[in-house]
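Here come two complexes built around chain A, the first alongside chain B, the second alongside chain C.
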Partner chain A sequence: MTTSAAPPQALPPVRPPRPAKARKKIAHNVRTSRRAAWIFAPSLLASFIFVYVFIGITAYISLSNWKIGTSPDLSLRTPLGGTYSEIVKEQRFQADIRNVVVFTVLFLLLAILGGLVAALFIHHVSMGKSFFRTVFLLPYALSFIVTGVAWRWIFSPSTGVNEILRAIGIQNPPGWTTDTTILGALNNPNGTDFLKIQFGIPVALLPIIFAAAWQLVGFAMAMYLAGLASIPEEHLEAASVDGASTWQRLRYIVLPQLWPSTITCFVLLLHVALKIFDLVVAMSGSGPGFVTDVPGIYIYNYLASRYDKASAMSIILLLLTLAVVVPYLVRGYRRERKA
Partner chain B sequence: MRKAKTLRVAVALAAVSGLMAVSGCAANAPSGGGGGGANSLEITSWWTSGSESDALNVLIAAVKKNDPGLTVDNAAVSGGGGANARQALAARLQAGSPPDTWQLHPAGQLKSYVAGGQVADLTALWTENNWAAQLPKDVAQAQQVNGKYYTVPIGIHRGNVLWTNPKVLAKAGVTIDPAAGIDGLISGLQKVKASGTTPLCLGDKDIFASSQLLESILMSRVGADNWKKLFTNEYSFGAPEVKQALQDYKTILSLANTDHSALTWDEAVKKMADGSCAASLMGDWAYGELLNAGKKPGTDFSWVVFPGKADIFDYVGDGFSIPAKNIPHAAAAQAWLKTLMDPKVQTAFAAKKGSIPAMTTADISSLSQYQQQAAKSLATGAVVSSLAQGQAASAEFAQTYADAVSTLNGGGSDAAFIATMTQAQATQLK
Partner chain C sequence: MATQTLHTPHPTAAVRSNRRPVRRAPRSRKWSLPKSPGGWVILALCIIGTFGMLVPVYVIVTTALSGSHGAPNFFLAFPDAPSLDAFKGAWTKLHGSLINSLQITVPAAIISCLLGSLNGYVLSKFPFKGSTTLFTVLLVGMFIPFQAVIIPVFQFLNMLHLQGTIVGLIIVHIIYGIPITTLIFRNYYEAIPNAIVEAAAIDGAGIWTTFTKVMLPLSVPGFVVAGIFQCTNIWNDFLFGFILASPAAWPATVTLNNLIGTTTVDYPELMAGAILVALPTVLLYLVLGRFFVQGLTAGAVK
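Right after this comes the complex of A and B.
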């Protein structure tokens, strides 16, 4: 402060650019930052209470003996964490974790790739741009319950799409959400093991993944369109002049510059996948042997009979989300500090 | 410039829709303790479908007739077989702003409210009006916890009814005789299969349909007394009769439509009436559903009690309770309970709901042939509570059972089912 004190004094204070600069400096002194803290305090307090305190309460309940919602019992369960060791042994819990992992991976792949292809198509199509954009974005505007009911009819084994398959001569069309087979099963539980389910890809989950991806392709597409618009035209022109093919331009110029869009899509769609509930409820419910059950349905079912179990599952769901989101945030934070 | 304007419009729209969502929630929230003035009554239930809300309106009209100045607030919550309504009620009880009265199933479900101290003891009201003498013994018993009455029964449904398609059965040359038991049923269904028709329609997208089927088989195999003892841990899920019932269940499941997990229960019973299969097990709420779909009893569909050794009545009850604490309108709530226990009101209610009156003093001559038969069976048969409907035991036990049935349907072993249920008997029946 002292070193820069002399030049401003030398300048007349009436000139227009001065006050702006002076204001900028004030922004960092103790009094104004205290004022800023006061301004931020309510929203900070609200988010602290409604996010972190409530997460804390849920975590506490998951360790307590509170079973029925209407009769709170806040004594801690012995041994501590007994609820967690109880649920990890459950067939239903194990199936839920398998399903949510399979769902998340395949759904993200489908939605992001689909969004990329749709965005490239729309970006390069010369006619009806806004028409196609609307077509792809429309499903995103609908609720999962609405589309879920429609998809349930489409994938109903005795009616729906199977009618068409039968008409073109396929004798045994797929059972869709009623199929209990696990593709590429890694193990075969004998009933006495800790693992009570087959790990692999439940066939019944595929129609649901497809429906979810269909609905969110528009969202990914919008992200990619924004990304594409920000790629400088000159880069592509320069590459063309140098004789780069369409594929080379895509591979070495477009895709690398779309990487931030991909990351954003990934993080934003991830929480859709982990929290998926309504679409599954509308399309298939838990399914035979929980082939289409997800943590959301588990929490909902146990809310009325086992508060502690529902809370434990919520915490596990939170940890699953954090496992992916935290590394992303840490990376972003580090970059910010470097810049 | 135009872009900025579009953005502003978009933000404004988002804000409005956000507000709408918030006010939408507010519309669902309780209207507070004193809503509707001094002389009012707020009733929560999950009766929102056509026949259900008609039946509820019969009750509301009756209580208003007794007290013309009364305003009634019908706070029914739809969906999930009452799961949504119970969630909403739980939140209100916890917050200390209960409705004046709420609908519930007796026995097991009642226990959780008693344990939480939320439900009022109605023993004085019962003795004063001598209600116990006007009800079947088992029904009166189900309204109690530890010898005290906490609820009043308005109507009774039966869970173990086998709905049949007379045309399909005649074509296959099969008659289902309840006295021939499960073995007779299975051989009959196999004959139907040989005739080229799917024997059984099942719709267990919501797992309770399968839970109900296994429950009916279990009751028939173990008998009414042992069924009750399953929930006091005096009879084990490891018993040979239970193992036999699980075998029967798997056989019967193999005779059902392969897409059962994609259908709902109402779709399944309609499929049966359309002639896609010979029979379908469902509680007698299916009767109203079939009538609504334009099916004629006797020609499009018929019924027998689920085959078994003896006439067992799988009791699924509807009743009302009032809160123990913070009741907004105590006098109106008492008048409501008394109205429910009027035999004439019970008959009028049953006519709309398709259930049968709980009171033996109610006149059933105006009710349908099915209802009259069921009422007779209620008076003479052994009455037991349904587990699939969360009535025989606590909500936790019922959920464990539903999950175990799901696992079984996904190819889980009988041994795993027995292990889960015996463990639940040991730990959850307190």
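Right after this comes the complex of A and C.
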């Protein structure tokens, strides 16, 4: 279909007009500005303590000998970092890392692609646009516990979808969240290896991934709908006049302009995925052989008996999150400075 | 009061209208039948998707209605004798926690919105040296997994003898709500012309007077957006309530989760409970959905 004269990507670069000097300084003198800064100070101080100082304390506990919450022991463990080398050898820790990686990747794929497709359809539907949008975003307004109990019921081994599977002739449907099968296992640990778990996709995680994607697909859809609304109608019209097919318009005009929405979705959903806790608690808990265990549950379980291990896992979880969020925030910050 | 001539209120719109006549975007409320086969396909897919999305909601409602007869044999079947029995049991077990949730959500949402609006006002109208950096530093607090601070928070509340109490939870929700509310209000106030603040300053109003007399009356939509966002987040919170609250202070999400027994689960009662817990946020969402979406998009750092 590339017979037409001008290929759509030859369109002039799309650049929305910049607001004329949006952030003009109003403060009439330095004193007003300083006084204004003091209004911001208490919130900043509170956040500084509750975020940065507290993370520092957690990091310190992860290096210390503090085990039981009620008997603080702030001496540093020797060798330093011994807690970390202790937990990485655990079968449970390794299962958690596998689970959170598998969960995050598959959940992001499902939610983002689903959100994109839903947004494209709902943006172009001729009637009931706001109705469809409301329905797709509805799960987002619910608590993970509420939706978790519903999905627990739907994916319970004896009822729910398995009834349908049995009815269509599948004799041994999967046990879902209680199933210990690992799909596409990459290794087969023999007990003496450092790796104590099978890497692959645990069947038990699939219902949780599906439930999480169902809940957050509307969020991705809302982000994409906002992105679609900001694409100037003229560009699409110009492309049509030049003979671009629907697919070409999608590929060369719409999708590139949705890239910022994709980045936002990616970062915001990724940080939801990494710290997932409530949904798993409501749907399955740790599961047999920690097959649905995630770092959030690990931390919760060890809060009672091992402060050091819980803290070490929290710090690992935090570093995973920050590895994605900090570049995103710095990018926003740079843009802000340029504007 | 507002001398609009100093500053064009919406430069973007103005520039655009000079360029070419604006063609009004099709309104979303307009109903018309699809005009092409493709349009029918899109409509059909949207309807199928809607049914798909509503399956879990349907399952929650039908299971809750199946009452004391136990859940229907097939999970998609409608109960033969719908009854509200399950709701009675769920209400007995949940009403205390629902009140707790309300007592936590309302003050925490109001106070964090007030703080957020103050911060947003300062950051957007009186940027000082390093304010953008400090704002970015503040925003990190929005993204941290709360597990990474939960031990210090627990010990801190213990020190203040607030551990396990509703007040303790309110404080925690306020503090961790500051980054998101600040972000929402800062973006909201950026759209309010600086001329309004300048005019107030020329009339002799100080920072506080300008805020209370000029900005706050203009902030109602901002408060609705941030308020809905915070109310939903705090009401739906599980982690803080689960770890920091004593049974007397349990929010509804925690009590609901505890209805899942270790051996058997009374699904009708559980689903009825789920409806009770979900109802406030769902109503908020259905009535004020437009603002809800604005909160989502405002919460995305640009």
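Keep in mind that, in the parts below, the second predicted complex is superposed on the first by the 288 of 339 C-alpha atoms of A that agree within 3 Å, B and C clash if a C-alpha of one lies under 4 Å from a C-alpha of the other, contacts with A are read in each partner's own complex, and residues count from 1 in each chain.
Basically, a contact is a pair of C-beta atoms (placed from the backbone, for glycine too) under 8 Å apart; a residue touches a chain by one contact, two chains touch by 3 or more.
In this text the structure is predicted, and so the values were computed from the model without any measurement.
Looking at the shared chain after the overlay, A:L186 reaches neither chain B nor chain C.
In the superposition on chain A, contact is made by A:R152 with both chain B and chain C.
Contact with neither chain B nor chain C is seen for A:V241 once the two complexes are overlaid on the shared chain.
Put chain B and chain C next to each other and count what each touches on chain A; the higher total goes to C. By the touch criterion stated above, A:S130 is placed in contact with chain C alone, chain B being left untouched.
In the superposed model, A:R306 lies in contact with chain B only, and not with chain C.
In the overlay built on the shared chain, the residue A:P288 is in contact with chain B alone; chain C does not reach it. Overlap of the chain B and chain C interfaces on chain A: residues 69, 152, 303. Interface residues of chain B, counted against chain A in their complex, comprise 83, 86-87, 90-91, 93-94, 112-113, 115-118, 204-207, 257-263, 394-396, 398-399, 403, 406-407, 409-413, 415-416. On the side of chain A, the complex with chain B involves touching residues 67-72, 90-92, 152, 155-158, 175-178, 180, 191, 196, 284-291, 293, 301-306. The touching residues of chain A, counted against chain C in their complex, run 16-17, 19-20, 22-28, 32-37, 39-40, 43-44, 46-48, 50-51, 53-55, 57-58, 61, 69, 118, 121-122, 124-154, 159-161, 163, 214, 217-219, 222-223, 226, 229, 233-234, 260, 264, 268, 271, 274-275, 277-278, 281-282, 295-296, 299-300, 303, 307, 310-311, 313-315, 317-318, 321-322, 325-326, 328-330, 332-333, 335-337.
If you check the complex, the residues on chain C that touch chain A are 8, 11-12, 15-16, 20, 23, 25, 28-35, 39, 42-43, 45-46, 49-50, 53-57, 59-60, 63, 71, 74-75, 115, 118-119, 121-128, 131-134, 136-141, 143-156, 175-176, 178-179, 182, 190, 194, 197-198, 201, 207, 232, 235-236, 238-239, 242-243, 253, 256-257, 259-260, 265, 267, 270-271, 274, 277-278, 281-282, 284-286, 289, 292-293, 296-297, 299-302.
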